[in-house]
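Okay, here's the structure, questions in a sec.
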Amino acid sequence: MSEKTSPGNFFEDFAIGQRLPHSPPRTVTAGDVALYTALFGSRFAISSSEPFARTLGLPTAPLDSMLVFHMIFGRTVADVSRNAIANLGYAGVRFGVPVYPGDTLEADSVVIGLKQNTDGKTGVVYVHSTGVNQRGEIVLDFRRWVMVNKRDLARPAPATLIPELPKRVAAADFHVPIALPREAYDVTRTGSAFLWDDYAVGERIDHVDGMTIEEAEHMLATKLYQNTAKVHFNQHVEREGRFGKRIVYGGHVISLARSLSFSGLANALMVAAIHGGKHTAPTFAGDTIYAWSEVLECETLPGRDDIGALRLRTIAAKDRACGDFPGHAGNTPLDPAVVLDLDWSVLVPRRVPVSAIGRGQASDQMPRRS
Amino acid sequence: MSEKTSPGNFFEDFAIGQRLPHSPPRTVTAGDVALYTALFGSRFAISSSEPFARTLGLPTAPLDSMLVFHMIFGRTVADVSRNAIANLGYAGVRFGVPVYPGDTLEADSVVIGLKQNTDGKTGVVYVHSTGVNQRGEIVLDFRRWVMVNKRDLARPAPATLIPELPKRVAAADFHVPIALPREAYDVTRTGSAFLWDDYAVGERIDHVDGMTIEEAEHMLATKLYQNTAKVHFNQHVEREGRFGKRIVYGGHVISLARSLSFSGLANALMVAAIHGGKHTAPTFAGDTIYAWSEVLECETLPGRDDIGALRLRTIAAKDRACGDFPGHAGNTPLDPAVVLDLDWSVLVPRRVPVSAIGRGQASDQMPRRS
Amino acid sequence: MSEKTSPGNFFEDFAIGQRLPHSPPRTVTAGDVALYTALFGSRFAISSSEPFARTLGLPTAPLDSMLVFHMIFGRTVADVSRNAIANLGYAGVRFGVPVYPGDTLEADSVVIGLKQNTDGKTGVVYVHSTGVNQRGEIVLDFRRWVMVNKRDLARPAPATLIPELPKRVAAADFHVPIALPREAYDVTRTGSAFLWDDYAVGERIDHVDGMTIEEAEHMLATKLYQNTAKVHFNQHVEREGRFGKRIVYGGHVISLARSLSFSGLANALMVAAIHGGKHTAPTFAGDTIYAWSEVLECETLPGRDDIGALRLRTIAAKDRACGDFPGHAGNTPLDPAVVLDLDWSVLVPRRVPVSAIGRGQASDQMPRRS
């Protein structure tokens, strides 16, 4: 192999405090948004309609939160997880300023923890990754940890530092870039009259529909994000691998769950945070993904009477409808059909003023036909 | 199932005169256009080239007529046909003002007919659906009727009202948003010198090429339109269904036929109306679609000597070339390879002034290389 | 078949000096760019980031060179190679002014050579094809030659004219639209610190990764370019053909090789020329493409100390990693896994001023997080 080809970082290449600037920058466009819609069938009004987004005080329709996540995460792969043998987890994923078509995203990661495994062949690397737009405003930051191979087994182990990882992002730290229109939030446009006030802790919501994944779809998605993790793209290698086939990027399943959650959570306009998540089993092309959610918390937000947060546990399962809420009794033993167990918070409009909102009540702004 | 998840409307949920506002609004973009081109390989100059579209008096290149159809139709599915067991037909599909990237489309449907079936378990719902842009201008309207399940079989049947459905859209009602350039319509750019004047009633045109459909393709298309009909996306359910596989959205076949029709109808710049159509057999991934057309009428348009209309019967067939015009002898018995039998009208430039138009005669506007 | 359907040109339809204007014009957009990224996972900073492109003196991010190639090549197919039985070669492919979203591309071809084969049934047609933007500026020109069927075997052979074909595009003729920023070229953004100065003649670079092609992917790509060559799209016909399946457009493999070459050639910002190339074996869906390159020449460019050219031989192989450089010992016998043997030149920044450039050295322009 020529020295010109970067082999990626191995465990001994990481050092506490090291900053990894990721490349290349990525200008996101209406083309990316269209592809995301085509891949996941996403229907949240805020990202589907520019005029609707403007009624919430935004300059135009922002990218779906999860598309932002994938664009930033994708940037980190070549430097952080190219030689990863396992993506062990992520925590404290906080969404920042909205991202709009035309914005240019960049990311870097700082190494915040290291622990060589007792086998001496691998180690765990913890990084804090941050994505910014062209004005340097943070659009996303998160911690994740991966298990990485050592290249040179003779190299001594670094001092172990296991960072403190946030158990959750506090609601007070949520970035809330939207504001409810005074004249009422138009539920005829969002697809559901259920607002923050209508959800209760412990409530379970079956998202009903299932969506089958094709090889071309998950590869198009993952290449769109410029995520270079080999296991998603190379059938010639994966044929001989543990599963005999390409593995779907875990984020693809999160986006499917987010899109399916429209049925039951149509007013969950944005994701505020992902507190943690487990990809409990691999997903492959041909699998049909279903999802359901449990409301863990209904949180008010400091100084805001127009927007609240719902903390959700969302479970995705493959080739299995979720009307009986698989996995709800806890994780022991986990239903083998479950592929994703996500702990996250979404932003949902509150019912103020109550009188102005209601199913079937059209807003004055509804374009009239001539 | 949580009350939060909309089960969609069942037969008894519809009432004559009821208005169903559809959600979400959809801002269409250059990204949607690129995906449409990638899916169907469409080559009509008006939607392929902004400068060419401007020579016809338009501000920029409009979306292909059928992309507009799918975007509006897709909006209606969740409210009208989520529980449909059959899409029985559509009529009076009239295309309105052109749609451009950046426009935001909305749709609603009004219930115009109801008829409970004698089995007491299902009924037919007739709706008039209308799509508008952000200025409230109509971009498309149409009638369609679907067979829908009852949820509560004990509910009494509503009064039967079968609406009068237009047998066809009259040429006088066509919206004709384009005007031929005075200095001549540039056929070197459209791919064919055959104009309205060159077609004759009874003429049959084999569109020659065939295009194979992949699962990823029809699902990407249908999700792009935010069409939520389950049969297209869920292999886990369809595996146990009547066909054992996902069914391709009928509109996908229309778009394939429209795209294939470029060979023989390159100057059919826009669709004016779809008078009616039958999806005579289901289409599946792996099928190769061919098409042919018969000219039913060559119509002049009131007050216009620059544009005429061709009324066409276009037949699409699967896994069968159409050089011998399958289905032309009438529908009894229909060739089993036929999947689409469409009655529609397209707008085609007329040859005026004759002297200024001709194959190989370059327009003055042709960009010259430096 | 109706006279309305163009059967394309047969050998006897071509005449020396004949100009074939191609249709339709094509306005390229951010949607096309997003699809190209999704198809090939391309990461070259110049096309990924608008701000980065502006540091090189461009108004915004240009389309990847190969996307321009496909758009122009695609335009020529209907008139030049619809009845081709073999694409025999191309030469003197020179990239011109960069293409940006919003540009409209047109192309024409001039017949520069004819030679009927001794079998009397086929002949070779040589054309010089040129692509221009809406200002008439050349974005690409190239020669190619194809073997075409005769329709009427009785027609006498034309006089044989075999044109002189450029063995290569001279470096002095390269169009170099980028200029290095005075304040330094920012290698933290491009993904590699290796510049023109770091490459040596004879150096071999394994591009390491492999990418598997799906049917949906190569068809979406080829339809995006409005390339109408039937062998890529019609499984119903190809099932009975020589290979029993659809053949992947050769240009798809070039784009895969270009994208894979990012590993080792991240600073190869643009393609200047393709001197020649052979598609040595057909590629099919399911194949996994790998690539490697050998540096043939390191050329300075007249009057430029900021940009140099690397002439590369790039070999792509299917279902075979390229760490041992298959095909490097010459073409006799060629490794049967090799599918592409490309001779091309790319533009790469030079190290001036040396002091301002270096791995990990951030530019002042790096957006800072707030």
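Letters A, B and C name the chains as they come in the text, with residue numbers starting at 1 for each one.
Note that in this section a residue touches a chain if its C-beta (ideal position, glycine included) is under 8 Å from a C-beta of that chain, and two chains touch if they have at least 3 such contacts.
Just so it is clear, the structure is predicted and the values come from calculations on it, not from any experiment.
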Check: In graph terms, nodes being chains and edges touches, is this line, ring, star, complete or other?
Finding: complete
Margin query: If I superpose the C-alpha trace of chain B onto chain C, what rotation angle comes out, expressed in steps of 5 degrees from 0 to 180?
Written below: 120
Item checked: CA centroid of chain A to CA centroid of chain C, Å -> 35
Check: On chain B, where are the residues touching two or more other chains?
Finding: 29-32, 34-35, 101, 214-216, 220
Checklist line | List of chain A residues in touch with chain C within their complex | finding: 1-2, 4-6, 21, 23-27, 29-32, 34-35, 78, 101-102, 104, 106, 130, 132-138, 214-216, 219-224, 226, 228, 230, 233-237, 246
Checklist line | Footprint of chain A on chain C - complex, ascending | finding: 29-35, 37-45, 48-52, 61, 101, 188-192, 194, 198-199, 203-212, 214-217, 220, 263-266, 286, 288, 319-321, 323, 360, 362, 366-370
